[in-house]
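Input: structures, listed below.
The two complexes that follow have chain A in common; it is paired with chain B in the first and with chain C in the second.
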Partner chain A sequence: MELVNVLVFGLVNSAVLALTAMGFSLTFGLSGVANFAHGGLYLLAGYTSWILANRLNLPFAVSAVLAVILAALLGALIYRLVLMPVRGIVLSEVIATFAVGVAILELFRWMGFVTYEFNLRPFVKGSVEIAGVAVDYQRILIIGIGLVLAAGLWYFTRRTRIGLALRGMAQDEYTALSVGIESDWAAALSLALGAGLAAVAALSILPLGIISINIGYDVLLIALAVTVLGGLESTTGLVAGAFILGYAMTFTSTYLGPQWMEAVYMAAIVLVLAVKPSGLFGKSKELEERV
Partner chain B sequence: MLEVKNLMVFFENALAVNDLSLEVKKGEIVGVFGSNSAGKTTLMNTIAGLTQHMMHREQRKGGQRITISGEMLFEGEDILRAKPSRRVAKGIVLCRERHPVFKDCSVEENLRLGGYLRKESEIRERIRYAYDLFPPLERLKGKKAGMLSGGEQEMVAIGMALAARPKLLIMDEPLLGLSPAMQSEVVRAVREISRDGVTILLAEQYARPVMPVIDRGYVIENGTLIVSGTGKELLDNPEVRSAYFGV
Partner chain C sequence: MKRLLLAARFIFLAAVLVIGAAACGGKDEKKAAPIVIGVPTALGSIEGADSLRAVQLAVEEINAKGGVSVKGEKRPLAVVSIDTREHEPGIPVTDALAAVDKLIAEKKPNAILVGAFRSEVLLSSMDLVAKHKIPYITTIAMTPDFQKKVKEDYNKYKYMFRMCLNAPYLVNYLSRTMGFVGKEFNFKKAYIIVQDVLWAKGTGSGLEKWLKDNGWEVVGFDAYPTGASDFSSSLGKAKAGGAQVIVPIFDMPQSGILLKQARAMKVPALMAGFISPAAPGSAWKTFEGEVEGLVNLLFEIGPMPVKAVPRSVQFHESYTKKYGQEMGAKLSGHGPGPSYDAVYVLAGAIEKAGTLEADALAAAIKATDMEGVIGRIKFSDDHQVVYDVNPKEAAIGAVFQWKAPGVRVPVFPETAAEGKIELPPYMKN
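Right, the complex of A and B next:
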């Protein structure tokens, strides 16, 4: 029974990790920017949705949509105001985005979002039994949302003009410029898309527990671990990285205790960078320099 | 159509283009010839707006100081400070050196990207044009551009530039690294593109293969204009012949 439990929750945890890292990976793949404000944007979406729903009494769906839009706009603004002046200087990009992420998280701490009263309601309540294991609908929904987003992103980057332009810019900036694609516009859009995805992940995953500032820091580490493990510019790598880490964390939690779960993704980052810096499916080693 | 007057481009204190003036009239094929580091690519990139983009990028991050001065008119409008995208929209399209393609995209995706600023119906028509100009491309349309040979990649690069519907097509060393047969194929395409009403500015190090198709040419060295004239005048100049045309 314990093994079935591990298999079912390993699957759910893997989907959670993939969804958490999707925005970070997308932004890096399309613009080369490692957005270390990812955790800040994730939590910003969670708190914004909570404030809109609980303080302004907006319907949950409206608050969720507004939170995603706000995160996406902030992603574009981060590029415009913070990253544009340091574009191309890798260390400055990392420091600048990390500073923004910390500023967002600590702003919420300063505003008093430190107690245990903040939680988002799930999209769907209730649970279902799978092979004798009770799984709430929200967790199953996360798997569905992950699949829909992955398919949507595949379609967007391959079948739409804007998506194709972003892929072109990611491959060769000067050739993209010579056919009329604007690099700052493309980078701002990739930051906005990544931030929007971070918000969708937050609104899907945060209802599983309470919202706390530390989640923002954990989310950044998880995104880094999944991306480093799976490799850059690789959707297959992202999914594989999420599954390996997801099952590793579930096994560790079940057989060693939940206090060791953090050690798993920290160890994954260190091990992969030491043994295979390009990750399992990655083509480049650039992220190694950014961690 | 294009008038460049007293153009100067500095990279820090190094002068890449020195007080250079040139003119391209509508319908012409104009060559720019010079050895390595003569300033051909900087000139082409500056006309396409890429040097200006690099200058802004460096300015923002406090890096290399790039200075551009002079005058650049396209159909009477000053474009020296215009963004690359604005220039493409106006019809100035650069096909960069060393067959630049989007390696992880298919041939057809590359051609579609070339027409990024054009309407969907125009893109379809331009892709058809590229396939008619280079028939092997249609057979390769689903293949990743990075898997193609150098010659095939050059066809994709030219097709991509044509998909942008250029009025002035700038080709930076289109023959570089190609086999003699492939060079002839590109020269044939240049002639055909020109016949279809596109004005062409073409930079080459080794001028001989393109001499039969150019109307006029400029020879530059260390960023400075050495001599200009019609193809025949350049060929009749013994110094130019031995230095640049290999005859």
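Right, the complex of A and C next:
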């Protein structure tokens, strides 16, 4: 029974990690920008939805859509206002986006969003038994949302003109420019898409717990761990990284104790960077590593 | 004529200025210097914020009556506070200590009330307080090591007192509750889930020992880091292991979600312990009724009015009147009662000692014997307020159970009980 529990919740945990890291991975894959404001945008969406639903009494669905739009717009704005002046200087990009993320999180702390009352309603209440283990519908929905988004993103980046343009830009910026693809527009769009995905992840995952500031910092670390483990620009790597970490964390929590869970993803970042910096499925640095 | 008028105006203005300045000066001379109370605590936590409000309420009440008499002179009380942020994950003890140091250096408080939120910070700040010789009444941090340190080097730490429940008293209340539950429902299997902090782990270990000594099987014991919000692995193990009672011990905001997750995972066990967000009267609404059946401890009474202690009813009414119905309903189950009482203990000690000198004040605080919001207040030799079950003889905490349609029913101790522990609906089917 305990093993079944681990298998079922390991799967859910993996889906949660994949969904959490999807926006971060997509932005990096399309524009090469490591958006360290990811955690801030994630939490911004959660708090925005809560404020709209509880203070302005809007229906949850409306509050969720508005939260996703706001996060996406803010993502594009971050590129236009913060990243454009430092575009191409990787360290400056990281510092600038990290500063924006911290500013968002600490603004909410300053506004008093620190108690237990900030929680989002699940999309559907109740639970279902899978192999004798009760799993709430929200967790099952997270798996579904993760699958739909992964398929949708695959289609978008491979079958649509905009997606192909973005991929072209990611592969070779100068060639893409020569055929009329504007790099700033493409990068802003990738930031907006990543931020929108962070918002969708927040609205799906946050109903499992409460909205608290430290989640913003944890989300950034988890996104980093998953993408570093799987390979920074690889979709297959993202899924593989999420599954490896998801099951490792669930096993650790069950058999060693929940207090060791955080150590798993921190150790993953350190180990992968030390042994195989390109990650399990990353390609861009493989040549450098061999040299 | 014009010159005369001008001179008259000048003389009039000068007279007004002189009289005004004299009046102001006179007022300043008459106004007694305030007695400064420092409150360095985790103001972002519900316990810290509510405790500060409770201190301010008591200060306003005392000031409305003219203040505190020091050698015949009435002096008002003033409160200065600083946020130590120690309840937040990742904030090191040194940061919290720096905040306390800043408050002492800049505001020069005559006494410190409420104080440390985390036991780790309390223990570390004891040397700082000893160095400055400031009377300090702590009302949130719970480690028994505090008393151990006071006893080991009494002269150094004699300025420090604790008015809230400590971990051994908490174990005592929890074990008595478990004793009742075991007898009433024939339960013998428990699962302990605690927050990975000193007081909670200490309480969990103490309870684990008591359970094993009394024939219980402890199916599991897990510690979660502060900030964690996914408890599914422990709940899964508790369900698989057939636990009949789950004992949660948490003071972090995220812990409230444990109840929702347990319901979603259909864990057929009674929840009995301490979940800080489930203690306030507003918790039923916040958690949409999913607190039903939870047996929760209020570390000190006051936040929940208990008829057997009229001062607790009076405190609750005054607090609600000053801060509003919503804030009254959100009052935390740990901190506000003793924090409010601490102001009266300090004021009484100052009047008794007739001075603000630390040694005399510490001796007067130690000799306190008064009826408070938390019951009868008396300090033991190691500077801990004595807690037991009779509010006429000692301070008391209270165990209550959430029952439909959203009422907290005190069930223990018998002197304060207004009902009995019942199995929640999901265990009756």
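The working rule: the second predicted complex is superposed on the first by the 284 of 291 C-alpha atoms of A that agree within 3 Å, B and C clash if a C-alpha of one lies under 4 Å from a C-alpha of the other, contacts with A are read in each partner's own complex, and residues count from 1 in each chain.
Rule of thumb we're sticking to: a contact is a pair of C-beta atoms (placed from the backbone, for glycine too) under 8 Å apart; a residue touches a chain by one contact, two chains touch by 3 or more.
Not measured: the values here are computed from a predicted model.
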Per the contact definition in the header, classify A:Ile89: touching chain B only (first), chain C only (second), both, or neither. first
Which holds for A:Leu141: it touches chain B only (first), chain C only (second), both, or neither? neither
Which chain, chain B or chain C, ends up touching more residues of chain A in the combined arrangement? C
Going by the contact rule set out at the top, does A:Tyr174 touch chain B (first), chain C (second), both, or neither? first
Touch check for A:Val133: first (chain B), second (chain C), both, or neither? second
Looking at the overlay, what does A:Arg161 touch: chain B (first), chain C (second), both, or neither? first
Answer with first, second, both or neither: which of chain B and chain C does A:Ser183 touch in the superposed model? first
What is the contact status of A:Leu7 with respect to chain B (first) and chain C (second): first, second, both, or neither? neither
Can you list the residues of chain A that meet both chain B and chain C? none
Chain C contacts chain A in the complex at 44-46, 88-90, 196, 222-225, 227-234, 236-237, 239-240, 253-257, 261, 264-266, 276-277, 282, 286
Across the complex, what residues on chain B touch chain A? 48-50, 53, 57, 60-61, 63, 83-85, 88-89, 93-96, 100-105, 109, 112-117, 160-161, 163-164
Write out the stretch or stretches of chain A touching chain C in their complex. 1-2, 5-6, 9, 12-13, 109, 114-117, 119, 126-127, 133-136, 138, 208-210, 212-215, 217-218, 250, 253-254, 257-259, 261-262
Spell out the part of chain A that touches chain B in their complex, as residue ranges. 84-89, 92, 158, 161, 164-165, 167-168, 171-172, 174-183
